[in-house]
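A, B, C and D are the chain letters, set down in written order, and residue numbers restart from 1 in every chain.
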Amino acid sequence: MTSAPGLRTAAAPAADPAADQLTAGAATEPVLGGLPAARPARSGPGDSPGDIGRLVVSCVDGPGIVARVSGFLHRRGANIVQSDQYSTGPVGGKFFLRTEFHLPGLAEQLADLEDAFAQEVAGPLNAEFRIRDAARPTRVALFVSRYDHCLLDLLWRARRGELPLQVELVVSNHADLAADVAAFGVPFEHIPVSKATKAAAEQRQLDLLRDRVDLVVLARYMQILTADFLSRVEVPVINIHHSFLPAFAGASPYEQAKNRGVKLIGATAHYATEDLDEGPIIEQDVARVSHRSSVAELTRSGADIERTVLARAVKWHCEDRVLVNGRTTIAF
Amino acid sequence: MTSAPGLRTAAAPAADPAADQLTAGAATEPVLGGLPAARPARSGPGDSPGDIGRLVVSCVDGPGIVARVSGFLHRRGANIVQSDQYSTGPVGGKFFLRTEFHLPGLAEQLADLEDAFAQEVAGPLNAEFRIRDAARPTRVALFVSRYDHCLLDLLWRARRGELPLQVELVVSNHADLAADVAAFGVPFEHIPVSKATKAAAEQRQLDLLRDRVDLVVLARYMQILTADFLSRVEVPVINIHHSFLPAFAGASPYEQAKNRGVKLIGATAHYATEDLDEGPIIEQDVARVSHRSSVAELTRSGADIERTVLARAVKWHCEDRVLVNGRTTIAF
Amino acid sequence: MTSAPGLRTAAAPAADPAADQLTAGAATEPVLGGLPAARPARSGPGDSPGDIGRLVVSCVDGPGIVARVSGFLHRRGANIVQSDQYSTGPVGGKFFLRTEFHLPGLAEQLADLEDAFAQEVAGPLNAEFRIRDAARPTRVALFVSRYDHCLLDLLWRARRGELPLQVELVVSNHADLAADVAAFGVPFEHIPVSKATKAAAEQRQLDLLRDRVDLVVLARYMQILTADFLSRVEVPVINIHHSFLPAFAGASPYEQAKNRGVKLIGATAHYATEDLDEGPIIEQDVARVSHRSSVAELTRSGADIERTVLARAVKWHCEDRVLVNGRTTIAF
Amino acid sequence: MTSAPGLRTAAAPAADPAADQLTAGAATEPVLGGLPAARPARSGPGDSPGDIGRLVVSCVDGPGIVARVSGFLHRRGANIVQSDQYSTGPVGGKFFLRTEFHLPGLAEQLADLEDAFAQEVAGPLNAEFRIRDAARPTRVALFVSRYDHCLLDLLWRARRGELPLQVELVVSNHADLAADVAAFGVPFEHIPVSKATKAAAEQRQLDLLRDRVDLVVLARYMQILTADFLSRVEVPVINIHHSFLPAFAGASPYEQAKNRGVKLIGATAHYATEDLDEGPIIEQDVARVSHRSSVAELTRSGADIERTVLARAVKWHCEDRVLVNGRTTIAF
């Protein structure tokens, strides 16, 4: 059985840290969004009411899974607040479940709950799962180059409590946005990248991220991350691409869109994988344009879509709503 | 406990036909969409695979409901295919559940399943519920006046198997659309309505509908149905209003929209109630317009929205996705 | 100077029928939508008020074009009702103009007006132009295979007077939709196509179309038209592709979309050219989908987008709003 | 003939400053957006290329207007770059025109151009008009209370050169956002408002605005402006209302929307008038919501719509695209 980032299996309980550390391959296919649950984020403001937990489960479909899961929660005194499930096929398909539940005293009994779930449910079902305290925000690193629209929008949404995350640091290969980031009270790390220094720069990035974040967001970071970086970062990486993928993959999508004469432009948030612009899509949206729109105007309209789509994708990920299924995602 | 159309309660098992017949008040507030489950529609083509059942449940929220329901289904050999739930508040709120399940031999054991559910689950929870065989289409009457766009779209979608319904008849106060309806092989009843004949006309309509349909759809029927009709029809009535309610309620909404200079127009599908244009909203959508749009052009753009919104609302209703909650709906 | 379908130049007045007949290349690049103005459609119902003309002009941009055109119309007693213009660049760019004007007695003086415009305006500007009487509907042939949604929607919109066109005939390689078309009182030509009979079938199609239509619409016609057909048909051909081009060009776009996990699907109406799925885009739209949507459901949602997008594209073309600019279109 | 803010008439040439000053009534009905052209904004960065002018004209419709205007521009050596026109009816209707033109040395000859246009065109047509140098940004005051989303979005868009405006100052009845505004280098004026101090506060606001701004934007300013203020401010006032007007006018629109169970929420940008929430609508947009959305979530989704809609309305106004027509607007 292939495990995934942040997903426990019955055979690999949370007490075993190796269970959360993933192979290179797994990092590029972050099933269930891949948050390392065993290294919980520090408590933050958030706006989730207390005692709300989130359980995500993935296994081969078959009869009785919901009964087993909900029976477990009921026995533990948890009340299901919301629940979503999806199956790729009732017989032999893959089953995905996300449940929000209310359980008084959740924080204190989280570890115990995980162990019990592993033993009573995940083991018999041979399922992967993750349980999180909704009050603990996801710890995030934002990578950016010079375009500020996605970065500022995420920082602003985080500040006003719209996103259940804590921005731990901003990493940029340019110094331009240092003052803007400082205004939000967030550390800014300027790590220039050239062809010659790329390996060293990525090593420095990895050193900064280790044990500090649960998610990396590429908020218009214009450097390609190497396969080596992606395999070693050990947390999911979300990227925003400024086109409606798979159309206009690669460079200069707005010029491509102008030349092709499309009537809508779009943006795509996806998990970064070694195959550039090919990772599982989390969210997309579009805006209407016309023959009058210059490339500069497409770029501006596109910026509005980009920041909105990225904010949605990050929010859903941090709420454990995004589960990876091969090359695609389930977005509950 | 107030029952609702088509919802069984533990105290009113399916064997008692009166349990499905509702009071006048209930007909104007069709909780759970109110399909009379005990008088199933005749088997039709549809495109639901066999042995798929739908269970909708509504009760006061509390711990263990999902566990109890899913446990019941599991014991009966049913595999949950999809499930949605919503609660207006974990303590003392109202809980709504819709579950699709696969159960071999569903049709043969449906009555038995209902009885068991009433006894084992609905009774203890004091819940209303309904179980339907997805293979049995909803029987529908379409009411129309002269505008053909909503009527033809529904007939066409029904013919191509997009909607899980069977159009039993079309009722119109004009003869204009008789040939169009005949082309679809559907009975057309021309019942003129004037102020003097209104009561008789409604009586004739009720006579035609009795024991024959599970739903009435007003596909741009330009007569106001009386409170008496609504209380006696005993099945839900869906109406399409040609504005984005609550804006421009009443007559001539496109003229109103033009005069007010709005930049978007819309349409609203809702359950008909005695309070005109005030019934629970099922679905809405809008289209962009500009200062250039004349009232005639607003009317045309609006027609596209109307037929799309009404088709969605009818589809969702017939799939048991729409549950009424007071003045609003849950649309799973 | 390269002329285009239906565009007169000063050097090729309307009296010369050859001016409306185009080279193979031109037919695949229908500048200005390419209606053969010299062979006017027969008068039809339409809903344009009388005495409304449409003038489209295309030339190299430079100062004074609007002054010259509007001055001409004013001298002829025409009042400009609406006017749109676009330039790809003020110096050396390409200029496009579409003007609607009111001129009492338009029909009687149309030929004279054309000659005068050629001499006084188009000649000095070295411009292509076309003047049409808005009361004369575009004559259209609809090509279809088995999917009925685009065909029926166009026939229905034409019947209710929404589109300024006259459906002259429907051509299909299958007999399935004969009865549906007959119900609209439109001739239905069944021309089966196999690999062996393709050349003969296309010849028969061309024979049916000659001197009879101004536009061919491929309303989900599942046969590829040969370059030979496109070069000889002499009128523009509009196609509807069931994807958000350039994404998922080629076969089975909904399967491709499902496999790639996109969150929006779309449809694209474009002029057919020899390069399949590469012709100038007229209109596009999208609908939101989710991981739950099966290929069958994508296909259904897509059908709604397809018929809407195609209807818009056909309407705009027939209103002379679509002007081709290389690989793209201006859509006024 | 009733004049309007910033519109010259032939009888009131630009040399007469009184011509730009309007009656109390006019300020609440800002025909043509009402920028006082005679007191030009100071030159700013903007991103308009030089020598681009904008001409807006409004008069009773009749033949030859476009010919006269374009002939004038051609004689003066101007090349029309873009032009939009609209008429409420060809005979006796109201005609609106917006033209962008390129004229080398525009800045130097602007006054002369205005005088000549007044004499040669506006006089004979009895038209109102305004000519602006596109390089001169609109001077704007932003009013805000505590919600920061609209304010920060406008400040950010202004900083990155997306909007052709110069933010002269921010006025707030609370001190909360002082630091945020300071980070943009914009003066922040804290003017508390209570019932007792309202008159004095408005007087102080008027003193701050006089001769300094061309536009006031209420970016979620939660105080009602008095009729006295609106009549004396002498520049247009744009407001953002957090509902899809005319639905849910008045207080707490998101609560109203939740209670009514609508499936879409929206926002409306309009010119402020004495009749609260009744001013001419400039732009609107909506977002889909569901039964799951709490009032807090509606408020958040709504905030995204509000800032987008307001930014569009302000941009269009500053580009002279918005012309008031009674209770509605033309938005070119």
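We take it that a contact is a pair of C-beta atoms (placed from the backbone, for glycine too) under 8 Å apart; a residue touches a chain by one contact, two chains touch by 3 or more.
All figures in this text were calculated on a predicted structure; none of them were measured in a lab.
Asks: Write down the chain pair in A-C, A-D or B-D that repeats the interface of B-C; the criterion is over half of the contact pairs matching by residue number.
Replies: The B-C interface is reproduced by A-D.
Asks: Report which of A-D and C-D is connected by more C-beta pairs in contact.
Replies: Pair with the higher count of C-beta contacts: C-D.
Asks: Nearest whole angstrom, what separates the Cα centre of subunit B from the Cα centre of subunit D?
Replies: Measuring from centre to centre gives 45 Å for this pair.
Asks: What whole-number Å value describes the gap between the mean CA coordinates of subunit C and subunit D?
Replies: Roughly 38 Å, centre to centre.
Asks: Which residues does subunit D have that touch at least 2 chains other than itself?
Replies: 82, 86, 292
Asks: What does subunit B use to touch subunit C in their complex?
Replies: Result: residues 47, 82, 148-149, 152, 156, 160, 162, 183, 292, 300, 304, 308 of subunit B touch subunit C.
Asks: Which residues of subunit A touch subunit B in their complex?
Replies: Where subunit A meets subunit B, its residues are 61-68, 70-71, 73-74, 77-87, 90, 102.
Asks: Under the definition above, what is the set of subunit D residues touching subunit B in their complex?
Replies: Against subunit B, the touching part of subunit D is residues 86, 244-248, 259-264, 266, 280-286, 290-292, 325, 327-331.
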